[in-house]
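Take a look at the structure below.
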Amino acid sequence: MKITINGTSKSIDDTMNIHDFLLSEGYEDKLVAVAVNNHFIARTSYDNYTIQDRDIIEIVAPMQGG
Amino acid sequence: MTQTWDINGAELSSRLFLGTAEYSSLDALRQSIESSAPGLITVSLRRENAAGKGQSFWNIIKEFDIPVLPNTAGCYGVEEAVTTAEMAREVFDTNRIKLEVIGDDYTLQPDPYGLLLATEKLIDKGFEVYPYMTDDLVLAQRLVDLGCNILMPWGSPIGSGRGLNNVYALRQLRERFPDKTLVIDAGLGAPSHAAQAMEMGYDAVLLNTAVAKAGNAPLMASAFAKAIEAGRSAYLSGIIAKQEHATPSTPLLDKPFWHQEKS
Amino acid sequence: MTQTWDINGAELSSRLFLGTAEYSSLDALRQSIESSAPGLITVSLRRENAAGKGQSFWNIIKEFDIPVLPNTAGCYGVEEAVTTAEMAREVFDTNRIKLEVIGDDYTLQPDPYGLLLATEKLIDKGFEVYPYMTDDLVLAQRLVDLGCNILMPWGSPIGSGRGLNNVYALRQLRERFPDKTLVIDAGLGAPSHAAQAMEMGYDAVLLNTAVAKAGNAPLMASAFAKAIEAGRSAYLSGIIAKQEHATPSTPLLDKPFWHQEKS
Amino acid sequence: MKITINGTSKSIDDTMNIHDFLLSEGYEDKLVAVAVNNHFIARTSYDNYTIQDRDIIEIVAPMQGG
Amino acid sequence: MTQTWDINGAELSSRLFLGTAEYSSLDALRQSIESSAPGLITVSLRRENAAGKGQSFWNIIKEFDIPVLPNTAGCYGVEEAVTTAEMAREVFDTNRIKLEVIGDDYTLQPDPYGLLLATEKLIDKGFEVYPYMTDDLVLAQRLVDLGCNILMPWGSPIGSGRGLNNVYALRQLRERFPDKTLVIDAGLGAPSHAAQAMEMGYDAVLLNTAVAKAGNAPLMASAFAKAIEAGRSAYLSGIIAKQEHATPSTPLLDKPFWHQEKS
Amino acid sequence: MTQTWDINGAELSSRLFLGTAEYSSLDALRQSIESSAPGLITVSLRRENAAGKGQSFWNIIKEFDIPVLPNTAGCYGVEEAVTTAEMAREVFDTNRIKLEVIGDDYTLQPDPYGLLLATEKLIDKGFEVYPYMTDDLVLAQRLVDLGCNILMPWGSPIGSGRGLNNVYALRQLRERFPDKTLVIDAGLGAPSHAAQAMEMGYDAVLLNTAVAKAGNAPLMASAFAKAIEAGRSAYLSGIIAKQEHATPSTPLLDKPFWHQEKS
Amino acid sequence: MKITINGTSKSIDDTMNIHDFLLSEGYEDKLVAVAVNNHFIARTSYDNYTIQDRDIIEIVAPMQGG
Amino acid sequence: MKITINGTSKSIDDTMNIHDFLLSEGYEDKLVAVAVNNHFIARTSYDNYTIQDRDIIEIVAPMQGG
């Protein structure tokens, strides 16, 4: 199925939850936050949300700001 | 010699809020924080890849025992701003959010409509909102009515270095909201601008470009820190009133040659 | 952290020159000197009776290891100013003289004619003249031609607290005399005025009324000291140029929700 | 003879020099400077200058100034 | 010599819009209209008793063949403003309405929220809305999106005589809405303020207090009329750019004594 | 409608003094004089060859029945200025002389020293001196003591278009010399600058570059003429005092819906 | 019944329409506009609107304004 | 002999007065004023002043000025 992650489209075969997805993408040791389809997904819900086809996922981390 | 002060129950060690963007290097950023010892440090969120480029920045900020103020910079939409705030709360582990809802591309003016909507939602979600706003008195009243204890009017457009574009409006805000925490956010260029704002009774100043883009960022950071202390002390001390004419500082009583003609 | 600087071969520890008149008490004066640690202290001469009322003041000033700058305050005539300077040199044991030749009662404006005559005589007599002058470029050139290395243009009338009345003229002076020591003398009211002068590249600021008549003189003295350091650091660092439009401080690269419509 | 000292006229009988005059007036331990008829008289000249009738004498000391 | 101009399809003979309140007498009002020949005259509605005190005022205005612009002065609520506008349309027989929705008692600042709601309703009802607004760029865009062709930002608070409080914001408005009719409404005190606004490219100026409360209202009315023409002509002609240094107006070519030394 | 006024016994028809240099063509000059009808026209002297290039210019000026004010533009020396004045008196058949003794190349600032010397000589020779001066109060007093009834302080450097650099000093001059004729000479750029000067009570304004170098010189000339009349009328009428807060222009008495809640 | 007219309460016996009311109040030759209970009543509707008990009536005329 | 006229040096053989000189130079019908060696020479003195060797002569006419 096709999803969009940080503005780039990507294909993933089997459905997985956010937790598995972050592991598979190599974010395990990173300080990040996640939104799916413009809705915030709390860390505590990573296991509960199963990624759907066409999901738009944002993964963000601390950055300089004013 | 600097006094700590209270903002919404938190104790801050300085009235300077310093931004972390636009420095020539992370080292320049670190030195600027060291030289100015800000009360709050503003940070942001950006898309992260697996390489984790954001992590090195964050490791530097964590070194300092200074509370952070995450922003929603660049958000034009209400939902976007709210979701960004929620992600920021989780990442930075703070309820504080500098709420930016931008209404114009050229001036980066806050959108007085979207700002109210986003503020209401975020206060419902338990955030402590630091609204980046214009100097509009009616907007200020609406934000206060929604529960804001802190208001952050702009001095002039972000990064413009123009200082205080509308001293009259800013003076009105201070006069009308004596019990709220008022912070000048954006547009300052020189320490004299920050001193002027503090002399008017503003509680703090938030800066970024004026320091980060200065010829020598750490030196400019310390300059602003001093100017803010100077302006605060002047406000507490009480500034002399302007006079139309001169009054001699050196008393003329017992002046020698008093009988003399003027040449 | 404050740097010493050189003025005509002497090393000063601060760019603040502080006047000693108009304080509510000698104690307020002492505390203001302590809190601001000025580089020079201005003093004057007055008729003395046998009771010696002037001596107690002088004993306080002597406590501090700070060089003094005697003035000829209130002199309208050239001879009067010269004789006062000679008496001051003997009493205070210094060649420094802040030369005031007043030309107008209401503004206490320096007399550009008498000032030149008195300067010439005093330089002949070996004085180091600190001329209290207007912001007149031609007067400045004449004083330099007479041998002055230090120029002290007014910001606005003595004690008026108006700040810098003619920023353009003061900017011209700095631009045209890059190698002379330029000191803003008189008229400042708030620390932001002093910071502004220093940001323009002035070498020092001379103050009295703004501190002595402030609600809390020692606190205001420290405020000016900080503002002067802030302005100096800003000048050395380089201040960002003013822009007509905004430039985002937080970079938009990798901003989340980038695809979104604006609300 | 009559002189003026710090703007006040005063009679003194016999002529004296500045040094004697300051002593007689009680300025001996004071830090002062002197001008006679608008001309500065240096300390080193106190003995040499004999006060004349109608002399106008200024005796000054340190005072607050801006 | 004065040119007529077009506003929303109507031809006006002057760029001065004159208010009719606060004059010392109806005669002073009449003379002020005569001496300044405004392009629009602003009027209002008040409770009328059977005695008909409002009729005599109206009879004077009717004498002049000048279109009127009714206002909703003093309205704080949207419904109130809308109903007042409807009554005004019937009484004055015009679709024009100067829409005031006040948001603050002390500054009489326009309410940027109520103003949008009332504007939308009135445009639906076929009114030609002249919105009394702040200098807020985002508010301006919202009003334009609702269909406004005319925007009337304040210079400063009504009756304050302060002139243009935020030249920067007003310059931005002109730059960003080159095709809309921009009118400075409220806060001017002196003709030079009006000239300045017109030099910036504003299309017209609306005044009341500065004329009505002047020492000599009819004379001041004519003064503003001239200043507005002057500013407009200057804008059309093109104003010289400011220079940092001088350039001789009298050419030095062929100057006599050219070989001479400078004195 | 314009009133004539008296300057040293001569009756002038306008308070605008117009310079004749720097126009794109003699025709543009002619049209600018026609459109603005100045009270005085400034002229100069230059080396003439047998071809007589200066004569055509003079033939145009002679067409107008307007008195001329010759200048000593570009003179740095006292003798040079005096001899130039004597030649001008013979050529233009008038005792009037705009006395320029320049003290600085970059700002073309008047030399306050040479100006006094030249003024004294010229008054001895029976000239009616119009001194181009700085805004220095002491210089003004010296000129008045020499017998000047007219003082022409600069607004800012010649041709800079900066307007009034030091409003405070110019206000002082007006206040201190209520009976002298004060003319702002040089530095104005826009009609609002001229209106401001006249509102301060100045008697006239002398212009050249702001008109000659404008995009449309004749139109700008008329703009300044109107602005000067506007400023004069405002001064005579009396300008309202600035207020910190608003006062409604439309009276609230008998406002409808008075009982209503605010929205 | 009791009505409020321009902020002042007033008793009128029988019901009447706006047209009759204005006549009875002496407004016939005046240039006025009318609102009832915050709603505008056009001239053309004067005959159609019958005044009710507790109506709040505003009658306005031209006045100076800025 | 050599003179300077309006900054340019020039040779003239025989001595002449200002009046003759202006004629010879073609200024007769021009509105001009004259200075010699920085001193103004009035029209009425044109006949009286005889030009000397090394004289510096300025001849000026109306020109635009501000």
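Points to keep in mind about this one:
We just call them A, B, C, D, E, F, G and H in the order they show up, numbering each chain from 1.
Rule of thumb we're sticking to: a residue touches a chain if its C-beta (ideal position, glycine included) is under 8 Å from a C-beta of that chain, and two chains touch if they have at least 3 such contacts.
Please read these numbers as outputs of a predicted model, since none were measured by experiment.
Any chain that touches subunit A and also touches subunit C is listed here: B. Taking the mean of C-alpha positions as each chain's centre, the chain lying farthest from the centre of subunit B is H. Of the two chain pairs shown, E-G and E-F, the one joined by more C-beta contacts is E-F. Subunit C and subunit D, compared by their mean Cα positions, are separated by 34 Å. Between the CA-based centres of subunit A and subunit D the separation comes to 94 Å, rounded to the whole angstrom.
Separation between the centroids of subunit C and subunit H, computed from CA atoms only, is 55 Å. Separating the centre of subunit C from that of subunit G, both taken as means of CA atoms, is a distance of 72 Å. In subunit H, the residues that reach two or more other chains under the touch definition are 6-7, 35, 38, 58, 60, 63-66. Within subunit B, contacts with two or more other chains are made by residues 19, 21-22, 44-47, 71, 73, 79-80, 83, 87, 106-107, 158, 162, 186, 208-209, 212, 248-251, 254, 256-257, 260. Note for the complex: subunit E touches subunit B at residues 103-104, 106-107, 109-113, 134, 136-139, 141-142, 156, 162, 165-166, 168-169, 172, 176. Considering their complex, residues 19-23, 29, 42-50, 52-55, 57-58, 61, 70-71, 73, 79-80, 83, 86-88, 90-92, 158, 186, 208-209, 212 of subunit C touch subunit D.
By the touch criterion given at the top, residues 6-7, 25-27, 29-35, 38-40, 42-43, 58-66 of subunit H touch subunit F in their complex. Taken together, the subunit D residues at the contact with subunit B in this complex read 6-7, 35, 38, 56, 58, 60, 63-66. Every residue of subunit F that touches subunit E in the complex is listed here, in rising order: 19, 21-22, 44-47, 71, 73-80, 83-84, 87, 106-108, 111, 114, 157-162, 186, 189-193, 195-196, 199, 208-210, 212-217, 219-220, 222-227, 229-234, 236-257, 260-263.
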